[in-house]
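Paired with chain B in one complex and with chain C in the other, chain A is shared by the two complexes that follow.
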Partner chain A sequence: MNRSAQFVFGLLTLLFCCCVSEGQCATGLNPHFSVYTSVTRDGNNISTYVSISGYTSVPPGCVMTTATHHVGAENKLNNVDHWTYSANGCPTCYFSTSDSEAIVGVPGVLYPWGWDATSICSAVGQVSNSGGGGSLPGCTVPATETTALDGRTNTTQTNFNQTIADTAGDNFNGKMLQEGDAAPATDGCWWPTAIAPKVVGVTGGPWTVAGNNVSGQLNHWGWDIIGNTTPIIDDYRNNGPSHGITIPCTQTLHQKMSIQCPSGAWIPYTPPAGNTITVKVDHALVTNCRYDMNGFQCDPISY
Partner chain B sequence: MLRSLLAAFILSICTCMASAQASAPPQHQHLVANTNAIDGAVNPELIADSTAYRLCLFAWSTAKNPSSDALRHQQVQVAQTGLDSNDQVTFVSILYDFRTKYDAAITAYNDSAKAALARNETTDVHPLLQTLDSLVQSTRGAINLQLSPAGAVRLHSFVVGEKKNMKVQED
Partner chain C sequence: MRLAIFIAAFALLSLPAQAQDEVKERHKKYLDRAEVHHIGDSATVVANSPRPMADTLMAVSEEYGWLIDFEDLPYYSSYDLVDDTDPAWRAAHPGAKGSTAAAGAAFQTQFTEIKGAVSIPEQENILDKIVSDYNESSNPGKFVVRNERDGRFSVVGSYVKNESGQDEVVNPILDTPIMIKTETRTAYDTLDLILKTLSDKSKIKVVLGRVPSNLMAQTRVTVGGENISARALILQVLSATSIKLYWHMYYSTDSKLYGISFLPLVRASYDASGRRTAELVQ
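Entry: the complex of A and B
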């Protein structure tokens, strides 16, 4: 009886002190976690993403046999809270988990977003924690842009009429658009005494969707007037060759299109390389082209 | 005899509890002992490219048998990089290969860590970290080899730009 009691006493004490020593080990836990968050749009949806991955260093000599660890990623978009947790694992295990959410953004609405990434030990609670967030403008940007010919200005300049759209068929009427340079322009028709200045970039716009020359046309913007006037073309043809210009000559511009969000920020919607605009001046032909996100239109003009 | 043993046990428990209360932190206290935390929004230059690639490659890849939501998320993320459609298709294939090896390396490490624990031993995590680094390097090699030169440059620029959205606690 006495031996049995001693054995039970010893076992209970050992077990209890093991638990306590794990708690003491936990005070020296050293977290090594990386957190990555991102916000993306596809012209209609707003997607948010939170991930956490890494491990925890346990102090030398500590063997935590009963504690378990796990990590969690919180993604609270528009006040809807989502947590994704990894499975429980050993204290020195490597953990990864992530959470992605998406909503349809409505222009003019600000969506609250909060995120949190945490690692948790069953013995002591949180081992590490990181969080952040802000407001996401529900400003959707066009996902497509197509170009159509819409007449000419000054005989040799082409009026291009564009249609923008996204997957949800959003109405962009009234939104402001502007152009910028995605890359430096090149002007193969210019020499220092030419009557026209060297083409170094686009002029900037701006345009109002369904306004200006395309008033009332749903999701249209324009005109994007491309080309040279006849006196400039005459100058290129008549005086260019004696100044080293070879006819045909070409001018190339790289147009970055942006749309203005309710916040006032301009958000580019063309690919990083932008649209490509070319103006080719030949002996009896002028060709103005606009290569957009989805295709191109060229206007060959006999002049 | 039994009574005195019981008293001694209770006494030892009380002593242990007092000790534990003095040393163990309360629940939900943040025990961020690692002082090498880097906020990429403040010091992006302190985050290694290999770390940024690891986080992005993990974020853009999908686990085995992905859901339709996971595939949609991947499509949006990959499109966001600015790669053209041909490069996107190639890159998704590279991501699949990365994730398969990434998950396998972590599963193998975690299995060994659990087995070591069962023997009252701890595991060295550094071989896993080296494996993950090597995996990132070989994946970057595949990106440079298989994507168009412009695509590889664009992707690198995008990954480096994403450091602002990363928080890293390194060794």
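Entry: the complex of A and C
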């Protein structure tokens, strides 16, 4: 290729490839960032976490020769602001940064929390931004719950005795607990003329930790009495099959456990799916089970 | 003649199949729960079940958070009962007795809704309208509303049909006077004792159905007395619990007994997509 041909080729390249300046690229930049936030409470500690990671795609024709990009994560817990930024890099580079904060919460106090995650271009400014927040109760909640068998009520109902704990070794004695439904119950034993209404959910509790039937037992609550009364079981077995009920039949409930903070607010401590409770009625056997956050216990009863 | 015999034989053979189809068709129409629809300043409750009165009252109770007890009737005549034997079970047990159910089906009632707080007399007027509409429907039994005071109402069965199709008076079984020794017991044990004493006195079995066992086992009550209605004793027990409870007492036409269940009072709420949740009324 001679010199004149090289000159013409270079001119064409400039004409077709460098038609958009860095400052004019703002509308063409396409951010691909993932933002993750979490709040954990363990004993008296409240921990908050914000992260952002991803990259920006630059459209063809947009040449950014001098611009640099970076990302930032803001974690503002109890009005104390923290920003964490990644290092600067090329416009299409992958960036990641995160910020963790923690405080010791006082029960009954609500702590404000705000977060923000942003990606910034030195040439065009902010490329993407998202934020949020809320109020976090400074209240100790159990991190674990285990279940033990503790006798029976009226032959066919099982008394379950629970122990709650957290890694900080908090004492929950005296705190109030209640149950709710994490999901609708299902009742495979019921038909429209059974002697009792269909099982539609749990009945609410409530319990005092180390009170009621487990008085004086550190961090225990109970009993959680699970199962049907004997007349209901008799009805299921004697009359259910001719009404189309197959024995064995099973009832399943999804128990959401909550603890009351001094402010009066109820804070759930079980996972979103809750504890699973099953009651199986067979021809000569009733089995009541409680599947908690950490394991399960079943009570097979010959009746 | 041969044709007549053939038709008669065919009719006899096809009867059980027809009955089975009827059971299936009836069950298809049953609603899982009665529905409350709000249109303008009125509410319409739609129920379809063997016990439409019970379902209607439960729906109203949950919609407005009202305490409404329900006491079923001991249906026994062919005017009030239908065959409810499951077709598959019938096929496997061709000679067995089978099952019956109260002959309840579709029921609808409408009343004017009151905006804001509803007074006790206004609640009573609405319940009177619902029960009056039911008594005029073709569903089995007749009921009356009783004001039990302190914001609690009972809808109590008063008439069934006898085998001649005539109304027959039923004395509510919970009105039976009984005696239990005044003692401090758990609410659970006290209810159990009341029902056992009532069964002995009335010669009709009344058993404990569904109960909030945790609450009942924790609550201690001192209840007793002589010549006091079972209803009054039960109300004494319920007045001591930390959660508001109401009862639904159902009659099993298969076992010829009553089952009484004590249920936490809840109030329904609906999110923007119409999803229904129920929260305890404290």
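Observations on the structure shown:
Assume the second predicted complex is superposed on the first by the 174 of 303 C-alpha atoms of A that agree within 3 Å, B and C clash if a C-alpha of one lies under 4 Å from a C-alpha of the other, contacts with A are read in each partner's own complex, and residues count from 1 in each chain.
Here is the rule we go by: a residue touches a chain if its C-beta (ideal position, glycine included) is under 8 Å from a C-beta of that chain, and two chains touch if they have at least 3 such contacts.
Fair warning: this is a prediction, and the values are worked out from it, not measured in the lab.
By the touch criterion defined above, A:34 lies against chain B but remains apart from chain C after alignment on the C-alpha atoms of chain A. In the superposition on chain A, A:58 makes contact with chain B only, while chain C stays out of contact range.
Legend: residue contacts after superposition of the two complexes on their common chain; A:174 is shown touching neither chain B nor chain C. In the superposed model, A:207 makes contact with chain C only, not with chain B. Touch criterion not met for A:134: it reaches neither chain B nor chain C.
Of the two partner chains placed by superposition, only chain C is touched by A:244; chain B is not. When the two complexes are overlaid on their common chain A, residue A:47 makes contact with chain B while staying clear of chain C.
With both complexes placed on chain A, chain A has more residues touched by B than by the other of chain B and chain C. On chain A, the surface touched by chain B in one complex and the surface touched by chain C in the other have no residue in common. Residues 1-2, 5-6, 9, 12-13, 16-17, 20, 23-24, 26-38, 40-42, 45, 47, 49, 51, 53-55, 57-58, 62-65, 89-94, 96, 98, 100, 102, 123-130, 271-272 of chain A are the ones touching chain B in the complex.
Within the complex formed with chain A, the residues of chain C that make contact are 27, 30, 49-51, 58, 84-86, 88-90, 93, 96, 98-99, 101-102, 188, 192, 207-215, 217-218, 242-243, 248, 250, 252-255, 257-259, 261, 263-264, 278, 280.
Taken together, the chain B residues at the contact with chain A in this complex read 1-2, 5, 8-9, 12-13, 16-17, 19-20, 23-34, 51, 54-56, 58-59, 69-70, 72-73, 76-77, 79-80, 82, 84, 106, 109-110, 113-114, 116-117, 120-123, 125, 128, 154, 162, 165-171. Residues of chain A that touch chain C in their complex: 153-154, 157, 192-197, 199, 201, 203-207, 212-213, 223-229, 231-232, 234-235, 238-239, 241-244.
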